[in-house]
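To keep things simple, chains are lettered A, B, C, D, E and F as they appear, and every chain counts its residues starting from 1.
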Amino acid sequence: MSKIQEFRDYRSKMNEKLLNTNHKVIKRLYGIDTLTYQDSALDSKTKEMLGLVASMVLRCDDCVKYHLETCYKLGVTTEEILDIFGVANVVGGTIVIPHTRRALEYWQELSAEE
Amino acid sequence: MSKIQEFRDYRSKMNEKLLNTNHKVIKRLYGIDTLTYQDSALDSKTKEMLGLVASMVLRCDDCVKYHLETCYKLGVTTEEILDIFGVANVVGGTIVIPHTRRALEYWQELSAEE
Amino acid sequence: MSKIQEFRDYRSKMNEKLLNTNHKVIKRLYGIDTLTYQDSALDSKTKEMLGLVASMVLRCDDCVKYHLETCYKLGVTTEEILDIFGVANVVGGTIVIPHTRRALEYWQELSAEE
Amino acid sequence: MSKIQEFRDYRSKMNEKLLNTNHKVIKRLYGIDTLTYQDSALDSKTKEMLGLVASMVLRCDDCVKYHLETCYKLGVTTEEILDIFGVANVVGGTIVIPHTRRALEYWQELSAEE
Amino acid sequence: MSKIQEFRDYRSKMNEKLLNTNHKVIKRLYGIDTLTYQDSALDSKTKEMLGLVASMVLRCDDCVKYHLETCYKLGVTTEEILDIFGVANVVGGTIVIPHTRRALEYWQELSAEE
Amino acid sequence: MSKIQEFRDYRSKMNEKLLNTNHKVIKRLYGIDTLTYQDSALDSKTKEMLGLVASMVLRCDDCVKYHLETCYKLGVTTEEILDIFGVANVVGGTIVIPHTRRALEYWQELSAEE
């Protein structure tokens, strides 16, 4: 199974378990999370790029993968992704580099998937 | 003296002192910092919004102020700024709220300056 | 004006401004924030202690102040507060010490207020 | 070998190696770590819950696993654990979600172990 | 009163209050903190430089000030301090710059004090 | 394949891919990264120790591995490494312990390699 599929499966399996707990705070947070990236003053694509750069500087690999997927679906180009990597690495420093290596690998797998 | 002017003065005074040290690494980092936000695949405005959201989740008030200024100059609207605040608070959690309070205050001072 | 009053005034003034923006994500996040600390499986007092220790290790002075206030109102004792400081400093390291100094000062002002 | 056993084995093997170095600072820090979670003004169970929420917002998976184990032994219920997850996710934001997925999985494995 | 004196006074006043609580964990942590920077395999000067760079990347201004003072007393030169600033800024990114501005200012005040 | 070799291979493969993108910001950041650790006022060995402690408190395992390798090549002794671990754990707290376990394991593999 590819890295992409493995990530997606685990993520959706555990998200389902978390939501099945019916914990009010957790459910509402998931609701807000969805709302956050919908078109409003900024369009969805820009917001996903914001989510990606925020995830990178906070060095959350799974969050990075998720936003890479949504960015990919929304048509963000490789050149634009590299610009986002650039901002993340300059703002967050060289500790972001290992996450950037994994992000680039994941992005290239997404591109190869089709 | 206004909060805006105070921030600008201290920032430029100390940046000058840092660059006057002629330390190679620090000088080059300042150079990269400038390059990072210039038009490339993404335009300068989008990149400044990325810089703003990254600064917010990393909770760096001075970085937030700086990017608010550049966003303001580049015509980012208040509605767009609030969307950026939204992403930052959802990704980074309620610990970002105190920084959002200060960011909104600074943004309103920038808007009132003219 | 006391440090306590200054903090409360600024906090409520800017919270009002943030909520007056009517930004959906921000409003909902404030709603969740309130819900989070209400009695459920854990009582409100325990949850406020959790909020305090989380704020300390994340080194958010304003969040610390807020949770110190709610802990104080809910009857957390000084000995219990010190235990929370202990956990925060051991988990988060000596970089938490400066925040602990300010937290102790604020706690003592709260105690002296009556 | 189960994930639980694997974690426990690696942790105790490497803790032993670290303590065998006889480095004074490291040994003393381990001593403090033990002391921190013992009954005092707050009981051990509350302190372990504090340790858990602190570990979650700091996004340290191994620390989370450890505190989940001690919480489990001390009789923290699943409903209480979910409340702790709630505080951690609201304070720390959606970047805590991936760690919450892994934490829930580990908690369910602990529950299934008996 | 100079910034240096203000920092020293507040720090020692509040440290005394914290130690006067006689909280075992906090007292022991202060003890370890002292031990950490004493001569051992690495000499005190090198360890203080390590403490400084760690404080900078964790962006703890008060910790930075403290280690700048000890570095100053132990004869670290301005050129060496700038090298430490360089490592901190490259590893930790441009969010370290505002802390570097304040650190340079404090260092120059220390140098001017005599 | 050993853990050391696996880390080195992945790191150099992905660094090459990142540099092959010819993204100006990323390339320049890599250039600065190299410059940062070269002999200047502080020698390369001291700077690598600074890089190690910074990586540890920021809890970046891959960065830690990299600096352990360079420290090893530059003749840092095990006693000195333990002193660095000590500073990192005291400044950064017990959340650094899991990273210290992995760091010690990696260091011992480096020592066994020859």
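Rule of thumb we're sticking to: a contact is a pair of C-beta atoms (placed from the backbone, for glycine too) under 8 Å apart; a residue touches a chain by one contact, two chains touch by 3 or more.
Keep in mind it's a predicted model, so treat the numbers as computed, not measured.
Shared contact partners of subunit C and subunit D comprise A, B, E, F.
Contact tally for B-E versus D-E: the pair with more C-beta pairs in contact is B-E.
Computed centre separation for the pair subunit A/subunit C is 30 angstrom, with centres defined by C-alpha atoms. Each chain gets a centre from the mean of its Cα atoms; for subunit A and subunit D, those two points are 27 Å apart. Spacing of subunit A relative to subunit B, judged by their CA centroids, is 23 angstrom. Across the assembly, subunit C contributes 24-25, 29, 32-33, 36, 40, 55, 57-58, 63, 82-83, 86-87, 89-92, 94-95 as residues in contact with two or more other chains.
The part of subunit A that touches subunit E in the complex is made up of residues 57, 89-96. Residues 24-25, 28-29, 31-32, 35-36, 40 of subunit F are the ones touching subunit B in the complex.
Those residues of subunit C that touch subunit D in the shared complex are 32-33, 36-37, 40-42, 46-47, 49-51, 53-58, 63, 77, 79-80, 82-84, 86-88, 90-92.
Taken together, the subunit C residues at the contact with subunit B in this complex read 10-11, 14-15, 17-18, 21, 23-26, 29, 33, 55, 58, 60-63. Residues 59, 78, 82-83, 85-87, 89-90, 94-95, 97-98, 100-102, 104-105, 108 of subunit E are the ones that touch subunit B when the two sit in their complex.
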